[in-house]
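Two complexes, one shared chain (subunit A), two partners (subunit B, subunit C).
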Partner chain A sequence: MSAVPVPAPATRAWAVAGLLGAAALAALPFFANPYLVATGLTLLMWLALTQSWCLLSKLTGYVSLGHVVFYGLGAYLVVVTWQSWPLPLAIAAAGALAALFAALIGLPVLRVRGPYFVILTFGIAELVKYSILAAEAASGTASRILFGAPDLIVIYFAMFALAAAATLLLVVVGRSRFGHGLRSLRENEEAAETLGVPVVRYKLLAFVLSAAIPGMVGAVMALRSTYFVVGQVFDPMISVTAIAMALLGGGDDTRGPILGTLFLFIVSEVLWIRAPLAYMLILGAVLAGFVLVAPGGILGLLDSRRARGASGA
Partner chain B sequence: MNDADSAPLLEVRDLGKRFGGLTALSGVSFSVAAGETVGIMGANGAGKTTLFSLIAGNARPSAGTIAFAGGRIDGLSPDRICRLGIARTFQIVKPFPGLTVLENLRTAAMFGRAGLRDRREADAAAMAVLEEVGMAALASAPAATLTLAGQKRLEVARAIATGARLVLLDEVMAGLTATEVAQMLDTLRRVRDARRLTLIVIEHVMQALMKLCARIVVLHHGERIAEGTPEAIGNDPRVLSVYFGTAA
Partner chain C sequence: MSSIVDTLLSGQLLFAALVTGSLYALVALGLNLVYGTLRMLNVAHGDVVMLGAYGAYWAFSVGGISPIVAAPAVAALGALAGLAVHRGLVRRLFATAGAGSTRLEGNSLLLFFGLSIILQNAAALAFTPNARGLAYWTEVYHLGNVAMTGNRIAALVIAGATCIAVAALLGRSLLGLSMRAVIEKREAATIVGIDVDRVQAISFALGFATAALAGALVSMLEQISPFTGFPFTIAAFIVIILGGLGNLFAGLGAALLLGALETYGVALTSANMRSVLLYGAFVAALLLFPKGLFARRARAA
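For the complex of A and B:
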């Protein structure tokens, strides 16, 4: 068994660090002030979105630029069913709606690869955004206010659960036979299919799995803002930020999203407080620097000793 | 289940494939018995690789039928055909470059006819294949770092690791040095005998084809123009005229 070189995606040290981080985040609301709790909530939101994005895009190589569509649909469902559906049901339904939408568009969308897939996912997200904008305008509701949203601490723990679920899902999928099939089709789809991987079914399942949690994240975040604007919950920057975090982190397991989310999150918090005007400039420079100097992301820098070749190229 | 002795393992009937106005294959029929090694010969563009693509399901036939182990397989998806027991290699190699050699074979062992869902079992089976083809030392090397000879060998190893009964080898010796060809021939014979594989071999290295195959099918412009033992093929006037342009 020791002859089998398993490239141990999560060594014991990583697992311990992850559990300590999770414990710290779970304890945060009990001693921190509301500002810090709200900051922690944002961090958890990005973690949940980035892990979910990686399940599709890092494992299969199909880069989605439209993941915000699932977030937006989830948020919209909660807003539309506000005070008529019990909240837990609405949040679960938001996940189901996002998954269903992914299943419906998945078969045609996943037939195209590379830049075409990127542009198509972006276009679909924009299409849904403008359709809902039009529907809202037609019904005369330019914006909506949610009265009686739950406390911050409730929202925080709901998001904590979603971030933990997204992380666990990527761990389980990444280590499974299904995950190995996804990596194989990422590396060469025709070869994978010829070796027995049911690529059509696998891609669709990855797409659906990567959509469900973002749908619920959107639902929970709708409660946080209490004030609903379509353009905000379908903002393409949400997709782009999750991608930036995933790329900064590197790799195709859960460590990359964790490192990338933490890094970008801390950098943006620090910059935003100290240098609000230069914020976007410096952020852009950091991202460009990573792409040029360390295309493998933070994990690539850490693992450079292992020189695992051109998988991220 | 069915008596394999009477029925051929693979039976191709009146197979045809058109790409738009171009006819790549037309009316090709032949059969392969279990345990046989059959060579496919023909100039560039004769339709050899198209034939493999149709059998393995990478392309759909425009006409004709393909039966494997008694059941129709034409029109099935490549992954289903692989699980039924047919594996192919690609002339233009298609490794999983970012995965290690062992991980490349793991895919085959997990998803092919072998169907070893447990990773440890799949890896053990994959290691066994790597030892048989002399690649055990490269198990943890990324596939992208292999030489051409190494990548051709990986194609063969991956096809075998699926647990296939019928393996389609598409020019696995092209571009190799004489020494490498000899090693590949040796490996193929050994693995074929040990695993009782049925092989269909496309090869431009004629000496290799003659040594490996008891029977050769010759394609020309998408049609079968001859079939027989290597000696008979070597003396067939149609084959000679196609290859050397002599009026025999």
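For the complex of A and C:
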């Protein structure tokens, strides 16, 4: 009779699947070859970035098209302090730098709403990229070679920790009073403020929290390549890919990013090396297509199927 | 030191600033129409410029046709593409998201971003990602101590004339009047019997046509690649934010200002600073006018 889907067993199934996936990823380096470990590392990187992006953009509706700026700043800090700072300190400092940058620009930037916020964040990321490029050109450093980076296994587990932290952070925030406040301001900022939600403080906090982990992710990923180029760690396609993954997944909890990341990751693993341009075409089509056909993402499709199934055909 | 001052005061930089500014004005004009009548930020707008540039390039290098002769045909193709995008994508987006909904603006942005990625990479697949250029009408003319190539003079004249013609058309005709009515208040325009859908379709056609025309002019002036378009999108955004929505003459002034900022800024610093200046102006303009220059009234349901 009822068209309402039954949530309880489904939620438990999601949790079990998530824990099994996490266990598999944790065990991966002990039996897989280095190529597979490197692939898993990329998957974890996207997961950490997408979950962090969702903390700001899915919960508040402020769609950031410039999250790569935090990633790039973190990577840049590690490279600049290479072999003068101990690595764990540099990685922690990368997270702090990204959070600090978000805190500094947050107040004026979060006054800008809707599509203007989207293009503003994009512009800021490009401005930071070109400023650093101009400074590097003026000082005569075009690229750097890093010697003595840690072992792949160490990098892998650092990224595993970051992906787990980003996921847990979104779970905790999403269920908290803070998270409900963010959702309320997403629906109607003025109404939320009238009801006593500290809108400005909440937005700023979400922005800072969503910046810290991408900063550390950038720092860890900088260790993977021995050859460092500024343009690469500030590539806008990093932001776009994270958004595409989140949109593909749908919803505003941790399940969407996991589904979307897995889906697009598999597509890219199949296509990226063989046909990079075709991969970019598919990425663009995924963005445009999901907006037109399935604005609710994979989760939206699953839910509507479940709802149809429950209504009994 | 004095040589820098001489360069700054010479007419040479002023001419360069005018050429850049008039191209920005032409590109921004089309973006302004589309954003004004639909409230959608078309981030793929610069890619239409890029495609127009390729159209003129191929007409020249395969058929030997002058870019100035090819420009009207390229603009006509642009108009058709604009109609196709309006029919195929925008109407559909209105259908799924619902006109006037808050999600619409964000969703349309992602849609156009996807379109932009598709256009750039399709162009890279079809034409290779390498930059290419054509040499047409490079004869140098002198006016006082200012040296000008024929192609730059032509670009300045055509872009300037088109901007003024479109602005005059919108200022005087019934179509222009209904377009401005839709820009100012879409719901009220519907009530007084304006066919909003038709006005939006015409805006898309006109916007894409002027962008493609600008592309044909760009092909004469600089090297083009599949990724040439995006800086034009950014420049056009700055112009709209500074000049105001639907205000085409103020947009012209803002475009010339941006052209001057870029030309003189690069002359004073270095070519590395071009993108820094462009994005710096962009971020500053958005922070100073957080909702665009026209603070939008909350639209009643």
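Basically, the second predicted complex is superposed on the first by the 276 of 313 C-alpha atoms of A that agree within 3 Å, B and C clash if a C-alpha of one lies under 4 Å from a C-alpha of the other, contacts with A are read in each partner's own complex, and residues count from 1 in each chain.
Keep in mind that, in the parts below, contacts are C-beta pairs under 8 Å (C-beta built on N, C-alpha and C of every residue); 3 or more make two chains touch, one makes a residue touch a chain.
Since we're looking at a predicted model, the values are computed, not measured.
When the two structures are aligned on the shared chain, A:L287 is found in touch with subunit C, with no touch to subunit B. In the superposed pair of complexes, A:G196 makes contact with subunit B only, with no contact to subunit C. When the two complexes are overlaid, the chain among subunit B and subunit C that reaches more residues of subunit A is C. In the superposed model, A:A13 makes contact with neither subunit B nor subunit C.
Annotation: subunit A has no residue touching subunit B in one complex and subunit C in the other. Those residues of subunit A whose C-beta lies close enough to touch subunit C in the complex are 61, 63, 65, 108-109, 111-116, 118-120, 123-124, 126-127, 130-131, 133-134, 137-138, 240, 243, 247, 277-278, 280-281, 283-289, 291-293, 295. Of all residues in subunit A, only 1, 3-5, 7, 177, 180-181, 183-184, 186-188, 190-200, 308-312 touch subunit B in the complex they form.
Contacts from subunit C toward subunit A in the complex involve residues 41, 43, 89, 92-93, 96-97, 102-103, 105-111, 113-118, 120-122, 124-125, 234, 237, 270, 272-273, 275-276, 279-280, 282-283, 286-287, 290-292.
By the touch criterion stated above, subunit B contacts subunit A in their complex at residues 56-58, 77-79, 82-83, 87-88, 90, 94-100, 102-103, 106-108, 110-113, 117, 119-120, 123-124, 127, 139-140, 142, 144-145, 158, 162.
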